[in-house]
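Below you'll find the structures, each written out as structure tokens.
Each of the two complexes below includes chain A, the first together with chain B, the second together with chain C.
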Partner chain A sequence: MSLKEADDGITHVALEGRLDVLGADSIGIQFTAAVAVKGNDSIVDLSRVSFIASMGIRLLIAAARALDHKGGTLVLFGATGPVQDILDDAALEQIMPIVATEGEALARLAH
Partner chain B sequence: LPDLHIDSEMHTLELRVRSERAALDNARRAMVDFVAIRNPSESVIYRLELILEEMVTNFFLHALPPGGREELRIAMHLSAEEIELVFDDGCAAFNPLRENASAMSTSLAGASDGGRGIALARHAADRWHYERVAGRNRSTIGVELRDDARVRHSR
Partner chain C sequence: MSAAGAAGLTREDVEAILAVTRALAHPFELRTMLAEVAAAACRVLHAERASVWLLDAKRDELYVEVASDLSVIRIPVGVGLVGACACSRDVINVPDCYADPRFNPAVDRQTGFRTRCAITLPLIDVEDDLIGVMQVLNHDGGPFDQADEALAEALAAQCAVAIARVHAMETLVERKLIQQELHLASAIQRSTLPAAMPVLDGYAMFCVFEPAAATGGDTFDVALIDQGVLVVLGDATGHGIGPALSVTQMHAMLRMAFTMGADLETAFARVNDRLAQTLSDGHFVTAFVGLLDPQSHRLRFLSGGQGPILHLRAADNTVDAYRATSFPMGAMPLRVLKPAVEVRLDAGDWLVLLSDGIYEYANASGEMFGRARVDEVLHAGRADTVERMAARLMDAVRLHAGDAPQEDDITVVLVKRLAAN
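Moving on to the complex of A and B:
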């Protein structure tokens, strides 16, 4: 997981590897703190996530909810192939914004 | 793996899972190695890994009572057309085909964090049969090796 605080006041997070039960557990506290402590709008790059299962989705929802309680929005982008398919199967787009590119994620927050 | 048995001639692999963290990754690696002989697509491997992850996670999070010593038995069978996974446990009766997926479609405010695992596993399977046999839960799940009939959209 990498974290960047940009000049735009938006928290940029990039996740990589497997978001299975082990992967989600290993980054859970760090990830949720990264996006929720300051309460800034956040974008999360999933382009280097190779696998996601329900525990990874649970982590994303928990972080989005924690951020929402502080008035911020979490936007996912960059998921491809089977990872995007799983997000679709979980109907995650009904819960939080999911877009294709970083530009679209930033545009979503500008609205 | 001490609880791993492979019968190459019968194209069968059997696993017994007793602890989630150590066993899940080992079971996943054993499964991927086992099915490699059929050269499955990345999509098929993903679906198999998803089903394994969700079934093992569900067993330890929900089926196994606190302090329980029950084990999850997993068998895999290879045929020319599909990979069959059989999950067998002696916990309380639980029919995953009756799981309600209503938690999957709602707003952030109303969404539960969890409750999606079995629904995702069901979606990944081509067939799924559940039966309660002699006080044990048994799910028999098939994943076809040719997954070109499953046209999924990807961005």
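Moving on to the complex of A and C:
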């Protein structure tokens, strides 16, 4: 997981590898701290995530919900085919915006 | 204990150590154990005070809980004689503490005690890990000599074993408590499941429920109610008693809503919103909720995060996969409810609902069972009875998994419209 806070005040997070039980566990606290605790609008790059399991979905939902409570928005982008399928299967787009590119993610936050 | 130390012990010393060893064999609670150790050290070494500092490896600190008039004191590893001993793992025998630069007088200032001489010893367990430091203060009649040092070393070795034993016992008790909690969670889960499948002309239904050792939180329901045949598959994320309670709550709420006459949409939305209020942050339940009209053979369903929902068509042996209609139940209140999906079950068609435990069951190489294998099984078994199809599916999962342990609950719900109808 890599993390940077840009000059625009938006938290940029890039996740990688498998977001299964182990993967979600290993980044859980760091991810939640980076996104939810700060409360800034956040974009999450999923382009290097190869798989996402229910624990990974839980992590994303929990962060999006926590951010929502603080008035922020979490936008996912770059999900590849199989990962996008899993996000679609769980209807996650009804909780947080899911777009294709970083540009589109930033545009969502600009609205 | 070093060989030289052992050689320096007198018969009386050995008897004193044996008496201490016997005394230390009994306590199973750490605080009592440490009090016994400190008392024994004072008695055997003719000293005024003794304390046992335990290592807090996560904080790289030592803390003392013993010595009745001292509250808990923490010091960083490396500070004072105790900290120096933890670093070097050597016995430190200091005849005049206030003349030694390593001595930390802060504890004396805090307690009003005046330390003259001190012997400080590392407590090392059988795996050669430092678990704490024992310190004995103010020997009667002058500094501790070599014989005292040997005796203290023997005592420290016994103390280390006794403390390690208490730690092991505490771990065992904790594990037992966790096991009890998991058994309770499992009992709660099972108590909500239907004891038998409804009997309905023209349909066959079958369910498999195999909870994992570390309980997840699956549930299912197949029941004949006023609105039709209710079919539910739920999966709460996480492990332990929390998810088991979450699915039980969802299950009970759904049943209650339908009993009160709610239709599918009302029941689903109400239960979702109620769960959003009651479940703690980050907890939710993926759930398929469907109502089958056995006369028109129409199945209407809503699904909160549970997918794919599989419809095996007998006519052309294809599998239609439907996605969830909304996010996992309880994740947040529903702002807009998408329309229910309606599917007609023709003769020989199947509705197949599988929890994550099937799709995500990984073999030793980490490869998951996945959707493609599920489809293969369904195609091959489309003419099977529901029992045979369930067995075929479970056999395929076990064959794929090999020796890999089951990490998540497995739930299979099969509804087949019989071909003769």
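Everything that follows uses one rule, which is that the second predicted complex is superposed on the first by the 111 of 111 C-alpha atoms of A that agree within 3 Å, B and C clash if a C-alpha of one lies under 4 Å from a C-alpha of the other, contacts with A are read in each partner's own complex, and residues count from 1 in each chain.
Convention: contacts are C-beta pairs under 8 Å (C-beta built on N, C-alpha and C of every residue); 3 or more make two chains touch, one makes a residue touch a chain.
Keep in mind that what you see is a predicted model, and the values were worked out from it rather than measured.
Overlaying the two complexes via chain A brings chain B and chain C into a clash. In the superposition on chain A, contact of A:L106 is made with neither chain B nor chain C. When the two structures are aligned on the shared chain, A:A66 is found in touch with chain C, with no touch to chain B. In the superposition on chain A, contact of A:L46 is made with neither chain B nor chain C. Once the two complexes are overlaid on the shared chain, A:L15 sits clear of chain B and of chain C alike.
When the two complexes are overlaid on their common chain A, residue A:A79 makes contact with chain B while staying clear of chain C. Once the two complexes are overlaid on the shared chain, A:V35 sits clear of chain B and of chain C alike. When both complexes are aligned on chain A by C-alpha atoms, chain A residues 20-21, 51, 53-55, 57-58, 61-62, 65, 68, 88-91, 94-95 touch chain B in the first and chain C in the second.
Chain contact summary for the complex, chain B toward chain A: residues 20-21, 24-25, 42-43, 46, 49-50, 53-54, 57, 104-109, 111, 113-114, 116-117, 119-120, 123, 152-155. In the complex of the two chains, the chain C residues touching chain A come out as 235, 237-238, 281-284, 286, 303-305, 307-308, 323-328, 331-332, 336, 356, 360, 368, 407. Residues 20-21, 51, 53-55, 57-58, 61-62, 65-66, 68, 88-92, 94-95 of chain A touch chain C in their complex. Residues of chain A that touch chain B in their complex: 20-22, 51, 53-55, 57-58, 61-62, 64-65, 68, 79-82, 84-86, 88-91, 94-96, 100.
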